[in-house]
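Each of the next two complexes has chain A plus one more chain, namely chain B in the first and chain C in the second.
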Partner chain A sequence: MPLLDALLNGLTLGGMYALIAMGLGLQYGVARIMNLAYGQFLIASAFAAFWLFARHGLSPLLSLLLLPPLAFACNWLLYRILLMPLVRRAKSRSALEVDSILLSFGLLFVIEGLVLALFGGNYVNYAYLGQVVVVLGTPLALNRLLALGFALLLGSLLYAFLHRSRYGTALRAVSVSPQAAQLVAIDVRAAAAMAFALGGTMVAASGVLVSMFLTFNVSMGVVFTMKALIVVIMGGVGSLAGCLVAGLVLGLTESLVATFIAPGLTLVATFALFLGLLMLRPTGLFKGAAA
Partner chain B sequence: MRRGQAWGVVLGLLVLGALAVLPLLPWVDSGYAVSMAINLLMYVVLATAWALFSGSGGHVSLATAAFFGLGSYVVAVLGGDMAWPWVLACAALACALVAAFVGLATLRLHGVYFVIFSFGLAEFIRQFVIWYEANVSGSVGRYVFLDISQAQILWQLCALTLLLFVLGWWLVRSRLGLAMRMMGDDELVARHCGVNTTRAKLLVFAFSAVFMGLAGAVMAPRWTYIDPNIAFNPMVSFQTLIMALLGGASRLHGPLLGVFPLVLLFEYLWTSFPNHYSILLGLSFLLIVYLLPKGVLGWFDRVARGGPA
Partner chain C sequence: MKHKNFKTWLLAVVAVLGCASPGRAQDLPQEIRIGWAISRTGSYAGGASTTVIPNYEMWKADLEKAGGLEVGGKKIPVKFFEYDDRSSSEEAVRAVERLISHDKVDFVLPPWGTAMNLAVGPILDRYGYPHLATTMISDRMPELRDRWQNIFFFTLTSSDYAKGVVDLLSKMRTEGQIQGKVAVVNVADQFGIEMVKAGREALVKAGFQLVYESSYPMGTQEFQSTLSEVKRRQPDVFLAFSYPPDTLALNDQARAVGFNPKVFYTAIGTAFPVFKERLGANAQGVLGLGGVSAELPVTRAYRERHRQMFKQEADYNGSAVTYATLQVLAQAIAHTRSVDRKTVSLDIRTGVFDTVIGKFRLKNRIWSEASLVGQWQDGVFQPVAPDQAIGVKPIHTPKPPWKP
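Right after this comes the complex of A and B.
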């Protein structure tokens, strides 16, 4: 039944989008860094997982244990070394935004160039758990379901960390008001570095998961950045629940448009959706809900 | 006049002098120099038009490629059927209409929201055109067979540059330009002073879009083959932005100071390190962000005040 197929596919896709967008939401909501190289980080991590699997026979599930901590360290250093000078220099939030946009453009090209030099520009994929299971009469690849399962798990972990732990609460406080957070003895810069690194960890994990079921190439990073941005803004900056809902809406829209109208129009549909929503609710679906 | 400003003016004059010499190039050299000059002038038009709208602050636009591509595409579709001036007029009109339509919906957006929106616009139009060409007109690419030589493209670009600077000079000094600068400082204040902010932004956005589209239209015959991926190449948006910012987007002649060094640098990187072009391009972006945060213009001002360079 095409409608059910489209719905199930849309849900799995939407779950991934939500996970991808959560990391960007952390980086933008707490650290105030607009990371336009976000999709390139995702692609780099997907290529790393591909390389580990194809060359060293390392299961993507092991990569999922290995790559995110590495990404955490790299992103923390990135924030400390490259972004700190910009944060110190910025006079206002919008000045930092413009600077971080320019900086992440630079990073975008550097990462894309590195991946291109190492792996070339071809599409790649690898076969991992390609068996098909039938869910409610709809065939779904096992790797897709597994990716969705891990996306849910990681999303819940992040939610628990932000809402149940003391440090997570501090991060949310910074996202609401950096000035007021300082008054209650929160080290705002350390929190921002932490949030940026956590965002990088999420994107590395998403990259590994995406690589399990998607054929990808270097130049797809931009599309992922676009979609993550759309989800973050649709959901309202700093809202995890908003991310989840907006991610699912985006996934379902894409899948329905691809099934019933034309596969070539998915981006057009998401962009139209984004525009329509911005005109009706410029602050996003969940603005006002705490991070 | 402060010394930094004087330096800026001297450099601006030198650049303008270079612009005056460029149209004579086809008589001296017909190949490489002409093609470099075309490249230069294309980015002069794009970056200056970009800075007219985005330079006053508030709306960093990544939609350059959208209008540039739209202009090229109009030529690809209509080029064979009409006289050249009419084709150009249609390209300008198409860009003005799209800018007005899109602007009405989105110019209320601020800061990063607008950046993302404009980032998506080019992708949106690109995918739509691919879909339309594949499903309605049957083939994705189009050939542009027009009897227009490189030299003629160069002259048209020179004329376009001149027109842009004359109109831009007038625009900056008009009430509209004043309104734009005021909105860049504080939009709320501007509105309280009776500036119709939406109308002002819309007009300037459309003005800048028309010039970007014309640049695309003039460049189109150079490619002979156009498909949406060539016409709506997002690199055009990125490079325009970085050139305008390197020069300094706050004044009309600012982007010129960024276009000249960067076009030469990109050309050098592309011909010498084609395999690592992207990495080096990214690194040069990073250097600019750290070393020249206020652009070449800001650097002149700082040197003039005796501060560290």
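Right after this comes the complex of A and C.
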């Protein structure tokens, strides 16, 4: 059935969008780091998964356990070493945003250069879990369902962490007001480092998942940064639930437009939706920080 | 063997008598300078890294190993210059200008892709550099050939490739292998639009019924919804005028939605090694744009060297042709004993060259003996149309259904 096909395809697509956007949501929403190298981190992780799989026969599912903790450590160090000086000297949050944009723009080229030197500029694509399962009469690839599943799982885990744990509450407090958070003895810098590193963990996980079904090369990072940015802003900066909903809405829109209107108009539909939403709700679907 | 040696000798003597006036050899410089600007990064890097860069590197290594270009029994060392154009036309133009005015190169090798070749064309023309365009497909080629006197084409126009497919389909219909329903999608950029325009005209003229036609934005890798819709229209033939990432996605997702038309065609990227790596046995029967036969011993040897050097196979379309154009350039320099661009261009126009795809001669500055349509047959991408293409093989129809 066309409608059901479109809805299910849209959900898996939206799941991927939500997945790749959640990390940026954390980094931007809580740590206030506008990470322009976000897509390059994703591509680097996709290449790592490919390398482990093609050269060492390591299943991407194992990479999914291995790479995110590694990314957590790397991102935490990155924050501590590279970003801390910026945080210290920033007079305001917006000053930090501007500085972080400049720094991550440089970082973008460093990562791209490294990946290029290691893997070359070629397209990479490996098949993993490409088997098809039929859901309600619609054939869907297993790897895409996995991405949707992980988006929902990671989304709810993060949600629970932010809302049910003491540490998560501290992160949300920092996201709302760093000054006030300091007054109640929250180590703002530690919390921001944690949020940035968690974001990096998410992006590593999504890189591995996406590598199972998309063709990628070094230069595609910026595509993912753009998509993630749109989803984060649509959902409302700092809102995880917003990320999830905005991602799914975007995926459904694209799929419905491709099925019933024309595939050529998917991009137009995406940006029309984005613009329309920003005009009606400038702060995004879910206003507020880490809510 | 003796006979062959004699012939080579005779050829050499004729060449020397015919082309080299006395004293030419002394005009030769101490070194030859050759440069290029290519997309190491940016959106064209994928295509450039598959088809062009390995060949430039291989040629460079070959010449360095040989101690330079051999001209009249003398080795002249070659100095190479390379810039990354970052897939931006402006950057490519700047880089080529720098190569010409600052690095003072004797020859410029072309970039990858239609847009980039179009971008650097005017400067190469202005300075009279031979322009060996291998990875450019456009309907503007005849017009450009008139305008730029030193451009040489090793591909045909978009219309030629599109009509090539439709001619093949007409033939298959006459033989009763397919009926008349065709679905077409295309990437929404100049290449895709030119192809679909020519393809649509040819299809309508040949009396095919277009049951689905749509474009998609560049960079799209999501086709499940589109392909589900196409599948509902039940076409016999699916044509996609696509680029490498979408080519892979279309094939993979057609498998996922269980769309099994009798003819499945995707354009650029179908002949790439990554296609076979990704699709494995499912590549069988898929049609794609171009196709250079890999059966000549020289071509085989070239492919083997490519595989050893880069741990990656050469593609079955532009790779060998790109390397062949480098041989053409080297041999034209050797024939004429000159690095004078006018003299060399003249020789490229009329000369006969020995290359990795066999004896090579341009007609009216175009080389048009490669095939328009190829097909994956038992792990090799074979040329299948038109009938007069080099090494053409009979087409396998219908395409076997996708294996899960």
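Everything that follows uses one rule, which is that the second predicted complex is superposed on the first by the 281 of 291 C-alpha atoms of A that agree within 3 Å, B and C clash if a C-alpha of one lies under 4 Å from a C-alpha of the other, contacts with A are read in each partner's own complex, and residues count from 1 in each chain.
The rule is short, and it goes like this: a residue touches a chain if its C-beta (ideal position, glycine included) is under 8 Å from a C-beta of that chain, and two chains touch if they have at least 3 such contacts.
A quick note: this is a predicted structure, and the numbers were derived from the prediction, not measured.
Asker: Using the overlay on chain A, decide if chain B and chain C clash or can fit next to each other.
Answerer: After superposition on chain A, which the two structures share, chain B runs into chain C.
Asker: Examine A:262 and indicate which partner it touches, taking first as chain B and second as chain C; both and neither are also allowed.
Answerer: So A:262 meets both chain B and chain C here.
Asker: Taking the superposition on A as described, I'd like to know which of chain B and chain C A:139 touches: first, second, both or neither.
Answerer: second
Asker: Figure out whether A:105 sits in contact with chain B (first) or chain C (second), or with both, or with neither.
Answerer: first
Asker: A:116 in the overlay: touching chain B, chain C, both, or neither? Say first, second, both or neither.
Answerer: After superposing on A, A:116 lies in contact with both chain B and chain C.
Asker: First (chain B), second (chain C), both or neither: which does A:279 touch?
Answerer: Touch partner of A:279: chain B, not chain C.
Asker: Tell me which of 131-139, 203-211 or 293-301 in chain B produces the clash with chain C after alignment on chain A.
Answerer: Only 131-139 shows clashing C-alpha atoms.
Asker: Once the two structures are fitted together, what part of chain A is touched by chain B and by chain C alike?
Answerer: Residues 112, 116, 223, 262, 264, 267 of chain A touch both chain B and chain C.
Asker: Report the residues of chain A in contact with chain B in the complex, numbered from low to high.
Answerer: It is residues 28, 34, 36, 82, 85-86, 89, 94, 97-99, 101-103, 105-114, 116-117, 222-223, 226, 229-230, 233, 262, 264-265, 267-268, 271, 274-275, 278-279, 282 of chain A that touch chain B.
Asker: Could you please specify the touching residues of chain C with respect to chain A in the complex?
Answerer: By the definition above, chain C touches chain A via 39-43, 45-46, 48-50, 53, 87, 185, 188, 214-217, 219-226, 228-229, 232, 244-245, 248-249, 252-253, 255-258, 269, 272, 274, 277-280, 312, 404.
Asker: Considering only the defined contacts, which chain A positions touch chain C in the complex?
Answerer: Where chain A meets chain C, its residues are 2, 5-6, 9-10, 12-13, 112, 116, 120-127, 130-132, 138-141, 213-219, 223, 254-256, 258-259, 262-264, 266-267.
Asker: Give every residue of chain B touching chain A within the complex, in rising order.
Answerer: 60, 105-106, 108-109, 111-113, 115-117, 119-121, 123-124, 127-128, 130-131, 134-135, 234, 238, 241-242, 245, 275-286, 288-290, 293
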